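Multiple structures follow.
Shared between the two complexes below is subunit A, which has subunit B as its partner in the first and subunit C in the second.
Moving on, here comes the complex of A and B:
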């Protein structure tokens, strides 16, 4: 992972990316401005995603992880605005564009074709009034000039790709005739039907039960290997991160608090928030051996601060067990080791 | 449902059998169909020309010779009733189509574009605040009475009803995850509006349209009754009832039969509307 510690971005005429990089977000700032109040949902987020790799963005509700993905797709709802930063993306042809600046018309050609997205709710992300085949064919016909027959053949092949049995019959079924896991497979087939280079998965397994969740993660991993796409995986579940991601960005109150290779971050988290999140994952063995009858789950005390009223300095300070006076001053992202950044003054004490 | 195939895939019943399973829809379609056939084939079915005068046979009660009786000029009520169906159905259908065209466009635009919503919603509210008939009368008065005027006036009067329903539903559907998903997959806005949103509104629109069809026929009858609709010589159910009003005590068949025609037409439209709503929803269809 190429880590840019802070904003300092040159403004060269031609945009460029290192050859292995698919997406590079630089100091992205997305604010929701309504009258006099401003919510800084995404405040100076930077990361880069290599081709064929998976980057997970982790955080609680309101941390800005979903807004980050919607910003990249330029699907922000009304008061949301990109205030600063760049979203450099490598098109299929090799050209690099800044998605934050692209006109809506060009953006539309990129959505679905270059960048596809799957959502949390497989139950409601498909239109109930059209058959699954219709919806996949619509995608293909929209972005490519092929005949209806050819689109249908492709749609069937997509269902095979996501391991849906009897694809020919499934094509003519409506979403309500399928289970949640099946619908998420259809969503994935829909998203991948035009061979996107980047798949944004916004909590795609959250609404599914654990066995189906594992199947979907397996499927995504296999498809990534076969197709070679990059995946930006939005989740609040660190267990899922460990399974699928190569790199992880931990967000808190709109800012990145820690980022690095999954191995490094899980091995030795360098931010108290990440450490707290990891401690929140229940472990049956540990919980049983440690002190007999303990039943309580770990939790980080307190709540995410209101986005309208962030504390000055480190936003995590009010909940932090390691808080010191210096935390009233916002720490930068500090390189703590190779490919590992932490926004904590006391990273060395962790 | 497991990953293996499921029994839900088993064949779906065809459209015809679905219609036959819904008694009220079937009855509605049969009655409406019969009215339409009578109206369209009136020149073949009618025993007399609708305007053939026969003063000697004026105000005859229903009999083997004049099935529905005759009016004050000796014209055959049966012939006039089925001829009148032509105009009444035409006015109803044309006004409904016009109302749909205006109402759906306004509703979609208002529901989709925040900026347009304020203006369009106010106009809709203002129009709804007017009594239907009063608005229609003033429009007809402004445009001058004729068949086309009546159609245009009724189309404008009933457009806000559809616009309001389309707007409200669009506001809901616009926020559904599959609309966001469609956007994320690069579907252009106009296509989302027409294919994804409008397609979802087909059943409320159809149901409302059948009601508007019925209201428009009634309103045309009212306008004709009040003398601001089509000219009195042209037989419509409204003009016939208006003409029979003076003779309600002595020759009630003059108002009775066109009245029954209106009731049957309106009732059958309502049955069809309700039946179609159920039929068009794939989730309800499954439960049959």
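Moving on, here comes the complex of A and C:
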């Protein structure tokens, strides 16, 4: 695994990635600029994701984790735009491209085929007016020159792959005839139907029942082993991270505050925010009765600061139990041990 | 699905029955004795009594009502007092211009409103959106008779591109008859397009932010397909409703336009019947217009079924 600290990335050099790397985000800056106000949703984020591995991006809502994933897909809504940085991606043929610079037309050929995405809301992510089969076949027909019959056979095979019973019958059903967990399976089948090298999963289990969550995570793990794709897993739930990811990036107010191997970060978090998140990983039984991981975030006193009015220095300082005067100065990402970075002056006190 | 169709159909029958009853009651409670009105101020009491007996007006109300229903079921709307023909034939004769006028108006209105509404929503806040929204407001506030007169003045009188008025006379070919409809249909089309444009825009704005639109983009689909296939089809349901209501309004509202363009349609017939107190014709026309209204709504309900698989109750 390679971890790069933000900034200091050369430009103009020929695009290249180490052979094991699938995706490398370098000093990415995505801002929402409307008139005089600028929201720095993603401000200097860097990470890299190896082939066949899972990287989790963790943070509360407003941390910039979803904007990061939409930036990679280049699906930002107006007025969001990439202000700086690179998104290096290895195509199937082996070539490396910078997704941040790619013209929209080439980007369209990559979406769905090279990089696929699943979303938080399985209830609304599928179009209610088309059958499940049509929606999967549409993806296949879009990227590959196969006949409709062939696409249908492929779609059916995809439903089998995600363990949907009676796939032939399900192909002709509409989304409203299925449960939430079933629809998320369909979304996964849809996303994987063109064998993408990278799957971006934006909170794919958040809207689901805890038992269904576990099933979907199992399924993703199994499919990753079988297909070998890399997964960029966006979540606010550290409990899920422990189950699925190899590496973790913790984001707060648009910046990375800690990143490293899941093992290291969980064993000894080096940022008070990560420690706070870890301190309240919900117990499965308690979580089911009280209805959700949202409570998790309340365990850290205070709220995420408004992106329009960030404190100078460390953005977490107002909520931090370890805050000192020096926190008015923004810490860089400090290497605290091998493959482990923390954006906290007091990483050694943790 | 069959249940949905049956329920809508029974609903339609129930509404028609109510309309028939209301029409019957209105005509009976309206001031003045129809027989006296028909015969005019010089009629003797004996004349009026004879006519009342002939029309069945001397019988108890409930019997009159049952007789009225029986006639309707046999397709008999009564006899026009002035036209000297059955009301049904009079209406049938006038149905063609009204039908085609409504049809063309709706087609023109949709041809303007759908693309403009979709594009305005897609480019929300742009110059195009602002101009389109303003024009739609303007079109909605133009009275159709005024626009009709302007069109006659410019395109029929000044440039002689289209006939000024009428329906080409009894021997005119179908093409000639239709050429008489171009100006009035354009007039009604433009005026009606305003509401449909606004609904299309609003409905598209709703769906363009929906998750499945994002899913479609994440598949690598082009914007045109994303908007037309995934967004527009979802936006269509409220739009269909408005198009249906507009069509129904056109049927009843064609009265004014038909008068301006001297089209011998149902609207024109109603106007002359009201002026001459031709009660059976008014009554029949009311029923036919109401029936068309209900029928259009039924067709729209059936279209929901085609568009939206969730409509199955």
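Everything below uses one rule, namely that the second predicted complex is superposed on the first by the 331 of 350 C-alpha atoms of A that agree within 3 Å, B and C clash if a C-alpha of one lies under 4 Å from a C-alpha of the other, contacts with A are read in each partner's own complex, and residues count from 1 in each chain.
Everything below uses one rule, namely that a residue touches a chain if its C-beta (ideal position, glycine included) is under 8 Å from a C-beta of that chain, and two chains touch if they have at least 3 such contacts.
Given the structure is predicted, the values throughout are model-derived calculations rather than measurements.
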| request: Could you check whether subunit B and subunit C clash or fit when both are placed on subunit A? | output: clash
| Counting only touches as set out at the top, which of subunit B and subunit C does A:169 meet: first, second, both, neither? | first
| request: Mind working out whether A:138 is in touch with subunit B, subunit C, both or neither, as first, second, both or neither? | output: both
| request: Tell me which of subunit B and subunit C touches more residues of subunit A. | output: B
| Counting only touches as set out at the top, which of subunit B and subunit C does A:340 meet: first, second, both, neither? | neither
| task | Kindly classify A:181 by the partners it touches after superposition: subunit B alone (first), subunit C alone (second), both, or neither? | result | first
| message | After superposing on chain A, which of these stretches of subunit B ends up overlapping subunit C: 3-11, 21-29 or 39-47? | response | 21-29
| note | Note: overlapping subunit A surface for subunit B and subunit C spans 73, 75, 108-113, 116-117, 119, 121, 124-129, 138-139, 142-143, 174, 176, 187, 190
| subunit B partner contacts - residues on subunit A that touch it in the complex | 73, 75, 78, 108-113, 116-117, 119, 121, 124-130, 138-139, 142-143, 163-166, 169-170, 173-174, 176-179, 181-182, 187, 190-191, 200, 215
| message | Which residues of subunit A touch subunit C once you look at their complex with the stated criterion? | response | 73, 75, 108-113, 116-117, 119, 121, 124-129, 131, 138-139, 142-143, 174, 176, 187, 190
| field | Partner subunit A, residues of subunit C touching it in the complex | value | 210-212, 214-222, 230, 233-234, 307-310
| request: Within their complex, state which residues of subunit B touch subunit A. | output: 1-6, 8-9, 114, 176-178, 180-188, 191, 195-196, 199-200, 282-283, 286
